[in-house]
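You will see subunit A twice below: alongside subunit B first, and alongside subunit C after that.
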Partner chain A sequence: MAQTNLAKKNRTRELLVALLPVAALLVLFGALCLTVNLKGYRLDMYLKIVFNEGVVLAVVATGAIFIYSLGSFDISLGASTLFSAAIGVMVYNSTQSLPLMICTIFGVAIGCSLLSSVLASVFHIPVFVTTVAMMSVLSAVAAQIITANGGALGGIGIPATVVAPLDNVPFKLIALLVFTLICVFVFDFTKIGRRLKFLGSNPVCAKLSGIKVNVYAIVAFVMAGLGVGLGAFLTLVYTPSVTPTTAGSIGMNILVAIVFGGMPISGGSRSRIYAALVGGFSYILLNNILKIVIDSGAGYGISQIVSAVFFLAVVYVTSMNYRTKLLPR
Partner chain B sequence: MTKKMNPAARLAGTLAIPAVFAAVLFGLCAANGKSLFATPISVNYFVLYAAIVMITTMALSINLNSGHFDFSLGAMAVLSSVLGAKLSYALLGGGSGSAPLMLLFCVVIGGVLGLLSGLLYVSLRIPPIITSLGVTLIYEGITFTVTAGKYVNTEVRNASMSAFSGTWVWSALVIVAVLALVWFLFDRTKFGYDYKALQNGQKVSVNTGIREVPNALVCYLICGALMGIVGFLSTVRSSTINGGSLNFGSIGIMFTAFLPMFIGGYIGRFSNDKLGYLIAALCMSLLNTTFAAFSNEISASMQSIINALLLVLFLIYLSNEGLLQGLFHRKKSA
Partner chain C sequence: MEPILTMKHIRKTFSSTVALGDVSLELWPGEVRGLIGENGSGKSTISSIAAGMQKPDSGEMIFQGQPWAPKSMIDALHRGIGMIVQESGTISGVTVAENIFLAELDQFKRFGVIDRRAMNRKADEALAGIGVKDVQGSTPLAALDFQARKLVEIAKVVMKQPQILVVDETTTALSQTGRDILYDVIKRFRSEGRAVLFISHDLEEIMDVCDTLTVLRDGARIRDFKKEEFEPDAIRTSMIGRELQGDYYRSDFTPSRLEEIALKARHLQSGGALKDVSIDFHKGEIVGIGGLSHCGMHSLGKVLFGAEKPESGSVTTADGTKITNETVAMKHGIGYVAKDRDVESLALNTSIRDNIAIAGMERYALGNFLVTNAKEKPYVDRQIESLSIKCAGRDQLVSQLSGGNKQKVVFGKWIGRGSEILILDCPTRGVDIGVKKAMYELMTSLKKEGKAIIMISEELPELMGMADRLIIMKDGVVMKEFPRSESLSDAEIIKYMI
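Up next, the complex of A and B:
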């Protein structure tokens, strides 16, 4: 009886902890509405900013969940987004064809991801180091293209009228939902997702069970590439020009967003697609709230400190169920 | 028991990579009519950059090898140099002795920042990579607040700092001192033996009575102090500090150390890993000097691409060494 009660208590505690990121998202949303109203700003404008920033981060992070579930992580996704967008702009400016631009963006994004996965799986290079090298190469090549064709400051771009019909909330929301549903289906309802989680939880056991690590690593990177492609396209829809700093912080923000959303960085069975969505929007909401509250140039630094403390606090609380006696590595 | 390598093989293994680097780079310069060390200034910057790379590599490898991945190394270097510069300027107004005082402040502040990062890690007990993400954001935020997001110039442009960059001797002394200290701490003390035991078997080591938390804290403290030195040397090299890095803008400092860390680790198999880091740093500095000699032909973007390709190629070799050796031996016996 006592044991049943304890198990029930533990389950309730786990459920509460699992719901905490969603609760944090709702609280942050409420806080943004309150702050904007108190300051007398236009709420619709701020909601649009949060949505436009959050949708790109959420899309790229959702694709990245597939890599993170393996216990690996990829910090080149921001550079990959920049590179795909830059090549897309170049293709549009040469052909004046929007469908060709979209296909190119997705092709380049998936190609970059495949290159990372091939280097990691075929040549047995640690994934993280591969992505560090990819990040350097992609951002350097993109910077070279942008500087040579439009200058580092102004960047390169497509006419705003080309993507203006797509720059609205319904289109972006549909894009986000469709991509998320595809990812949820692949991750939670197919053997691909189950095997990815198995590989992340216990790679040795998974290999001994006959799961081909290389194949699933490539699948994970392709899914991440799809997210990068969609993210790069949505970036261009929002701002039709690309500079060397475009999407610069996405690579690291994905890490923060995923952890913020309640997913462990070690991946495995506790990986959840919704973590990227919840974490991505929470992080963007928090940053915007702090920008409004601390309304000065030097305030950016203070906003970042508060944001980091909040991030650590959320991670600390959400990982309370998984404390070990040894220091975690 | 591992087979003992003969001294000639050890020497050859230790010097193979630097010899290839030197031959290729000097050959390239000679073929294009360029000189790597045309002026004494290029020698000074060669040694200074080698010191920066060697110390960053050591700091990165100390935590990385023991499973504590730390993104905050760059942020520590920048923050300690900003605070060190401000404090030394407040005390001496840029007068005589400013450089050594700033170095001292940087080491102490860097050590404190490292220790705080370690304390956060051992208190929260969340994976170090996540803690370091938070710490990076916090330290970058403090730097931005202190500098109002601007470059720090007045505090670091004085005769004392110029004297430091005006000769290679000071940088060489820093290299020798850091190398000796790190070698002593990690290869000759109980702390170092415990570190190695924890590195190779965390659970067994803790069960045998090794105190993991103090060991981790000392590691963080040492890494912080080393990054303080890097912050100081980087300031000497560029005569300014960028206080405007936010949103992980500082992590690039850490990425320069990946290739030398792997090269140093490889050389370490034949001698000592610390010596390996020094040799790798000298190779990287030689490459950097070559880039400077070819600055009209090789853009900054191209330099990043070359560095990344070298990293990938070296890792492909390292990860498939057994396979390549097998192929080589098969061909030989055929």
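Up next, the complex of A and C:
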């Protein structure tokens, strides 16, 4: 009886811990509304900004969960988003074809991810090294393309009318939901997802359980590539032009967002797709609140510091929660 | 005379598991007290609380007349209680000396730079202090085997001259030479009026080494035995709570097997570990493979499963398929229970469900792709039930289970998927007699079902007790094959091992 009560109590505690990120998201949402009202700004405008920025971050982060579940990470996702969008713009401007542009964006994004994963898994180069190299290369190439084709404008773009019909909440929400559902399905209800999580928990044991480590690492990067592709397309829908700074900070923001969403950075079986959604929007809300509150040129720097403090606090709390559950052997 | 350590009404829970209900324990100067009990009885928990690895939920501790609440294992060691843990307690990427002085590197700093020569010299002294001469402080830890690493841990703790030494199932990792070193350390503690808390599943060993014995069961102190009261059956009965007499191996002494060959190893060559090894494994047969720890038997297990590639030679199944990797092995019904359970066989921070399901998904995944709760939960529950895994539920983390129950999860993982050939490397390492008995019964029933079982073990009695055929290896070579026989003696086998 005591055992049952204890189990019940623990399940309740675990549920509450799991719900903390959602509670934090709601608190941040309330805080944004309050801050905007106190400052006398337009709430609808800020909600639109948060939504548009949040959708892109959440989509790319959702794909990235597959990589993070392996206990790995890809810092080049922002550069990859920029590169895919830039190539997409070039293709549209050459062909005037929206479907071809979309296919190109996805193709390039998946190609970039594949290249990272092949370098990492087939040639046994640490993921950190390959993704840092990819980030530098992709950013440089994209900047070169943009500078060479953008001239004095400092950016390249497609006519706003091409994507204007898609620049609305329902379309973006559907895109986000469909992609999230696909990811949840693959992650939680297929052998692929279950094996990825196990691989993140213990790669040695996973290999000795018949999981082909390299194959699954490549699958994870391909899924992340899909997220990058969709993120790049949604970026173009929101702002139909690309500059060398577009999506520049996404790579690092994903890491922070995923941790905000309650996923351990070590990956493994506690990886959750919703962490990307919750964390993505939480991060954007926090950023916008800080921008409004600080309201100065130093705002960006301070908001980064506050985000970093939040990040460390969340990592500490989650690791404490995990440590207290360990038996001595 | 006052006890060195008094633990009163200690209670500890992990999630929904009550590891210790209300346990009190005393340790007297010059006493070597054994702690014995089934896996999950609370032995490691109570000793790790004393040694500062974790804090009790409630209760009181007094050490040398003062309240005792160490902040960490290092704090406890510095203040007088040191512990040698069951699993690996060393760090691979650094040297032996760096492992020994990990938290105290500052003492070797000269003008901000660590004097490695002095540190290595001090480490050599610490090792020599327990009688280890063939391991040097400057050696990278990765170059040492599991036993040598354990000896490094022992040196590290003993060097601090603790008043109490906690030895948690350490001897399972040691050969006789290593055990003798540890026994000498224990004798020294006794003669110097210090105390030892000794945990082991080896009843013979614990009766030999200890002066007193405390039996724990399900987180409660059941009974104390003085040396003159030591009697194996009485101790076993206290441990398990029911009568368990005699041995628990196979009662028959006639070797038997089916004619059909399940797995063939031909001319396996793998560095120094395997030299021209050729063995046929039959269906319905338990083949025991024994020898000293470095004889090559553990490598053979990995090569048979495709986890290690031999330089030459082959492993083929009955249908002629060559085993080239783990995936091919599993497709052909081979399962592998690794020796290093916590690293190679389990993902500790993952649930029982995930650990059991991971190897068997193709058994129930729709279209070999879609995994549903409706199919997976009953699959996992069947293994939990049939192997009597003591747990709070399928979603409990494996790290929260005792050693024996962890091993049952590993068995469930491979048996659940219907493995026809089971390679078991030290299957009963660190498990209590109750679980051992259950595993031997399981092996016997799998044999009856026609499955081929390859049991690699460092324990001669279990090899002799269970195997239809016993293969002894030395320096990578098959030295001798013994058929099962009542007249087979240890002495006869050992001469081929050494």
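What we mean here is this: the second predicted complex is superposed on the first by the 306 of 329 C-alpha atoms of A that agree within 3 Å, B and C clash if a C-alpha of one lies under 4 Å from a C-alpha of the other, contacts with A are read in each partner's own complex, and residues count from 1 in each chain.
We take it that contacts are C-beta pairs under 8 Å (C-beta built on N, C-alpha and C of every residue); 3 or more make two chains touch, one makes a residue touch a chain.
Everything quoted here is computed from the prediction, not taken from an experiment.
K.L.:
Could you say whether A:143 touches subunit B, subunit C, both of them, or neither, answering first, second, both or neither?
P.N.:
first
K.L.:
Per the overlay, which chain contacts more subunit A residues, subunit B or subunit C?
P.N.:
Touching more of subunit A: B.
K.L.:
Quick one: classify A:307 as touching subunit B (first), subunit C (second), both or neither.
P.N.:
A:307 contacts subunit B only, not subunit C.
K.L.:
Answer with first, second, both or neither: which of subunit B and subunit C does A:123 touch in the superposed model?
P.N.:
first
K.L.:
According to the stated criteria, A:241 is in contact with first (subunit B), second (subunit C), both, or neither; which is it?
P.N.:
Once the two structures are laid over each other on A, A:241 reaches no partner at all.
K.L.:
With the two structures laid over each other on chain A, which partner does A:133 touch: subunit B (first), subunit C (second), both, or neither?
P.N.:
The answer is first: A:133 touches subunit B but not subunit C.
K.L.:
Check whether A:265 is in contact with subunit B, with subunit C, with both or with neither, and answer first, second, both or neither.
P.N.:
first
K.L.:
Taking the contacts subunit A makes with subunit B in one complex and with subunit C in the other, which residues are shared?
P.N.:
Looking at subunit A, the two contact sets intersect at 325-329.
K.L.:
In their shared complex, at which residues does subunit C touch subunit A?
P.N.:
13-19, 44-45, 48, 53-54, 85-87, 168, 305, 307, 326-327, 329-330, 336, 338, 342-351, 354, 357-359, 361-362, 365, 368-372, 392-393, 397, 399-403, 413
K.L.:
With touch defined as at the start, can you tell me which subunit A residues reach subunit B in the complex?
P.N.:
119, 123-126, 129-130, 132-137, 139-141, 143-144, 147, 248-249, 252-253, 255-256, 259, 264-266, 297-298, 300-305, 307-309, 311-312, 315-316, 319, 323-329
K.L.:
Using the touch definition from the top, list the residues of subunit A that touch subunit C in their complex.
P.N.:
Residues in contact with subunit C: 2-3, 6-7, 10, 189-192, 194-195, 197-198, 201-202, 204-212, 268-270, 322, 325-329.
K.L.:
Under the definition above, what is the set of subunit B residues touching subunit A in their complex?
P.N.:
66-68, 71, 120-122, 124-131, 133-138, 140-146, 148-149, 202-203, 206, 212-213, 216, 246-248, 251, 255, 258, 262, 299-302, 304-305, 307-309, 311-312, 315-316, 319-320
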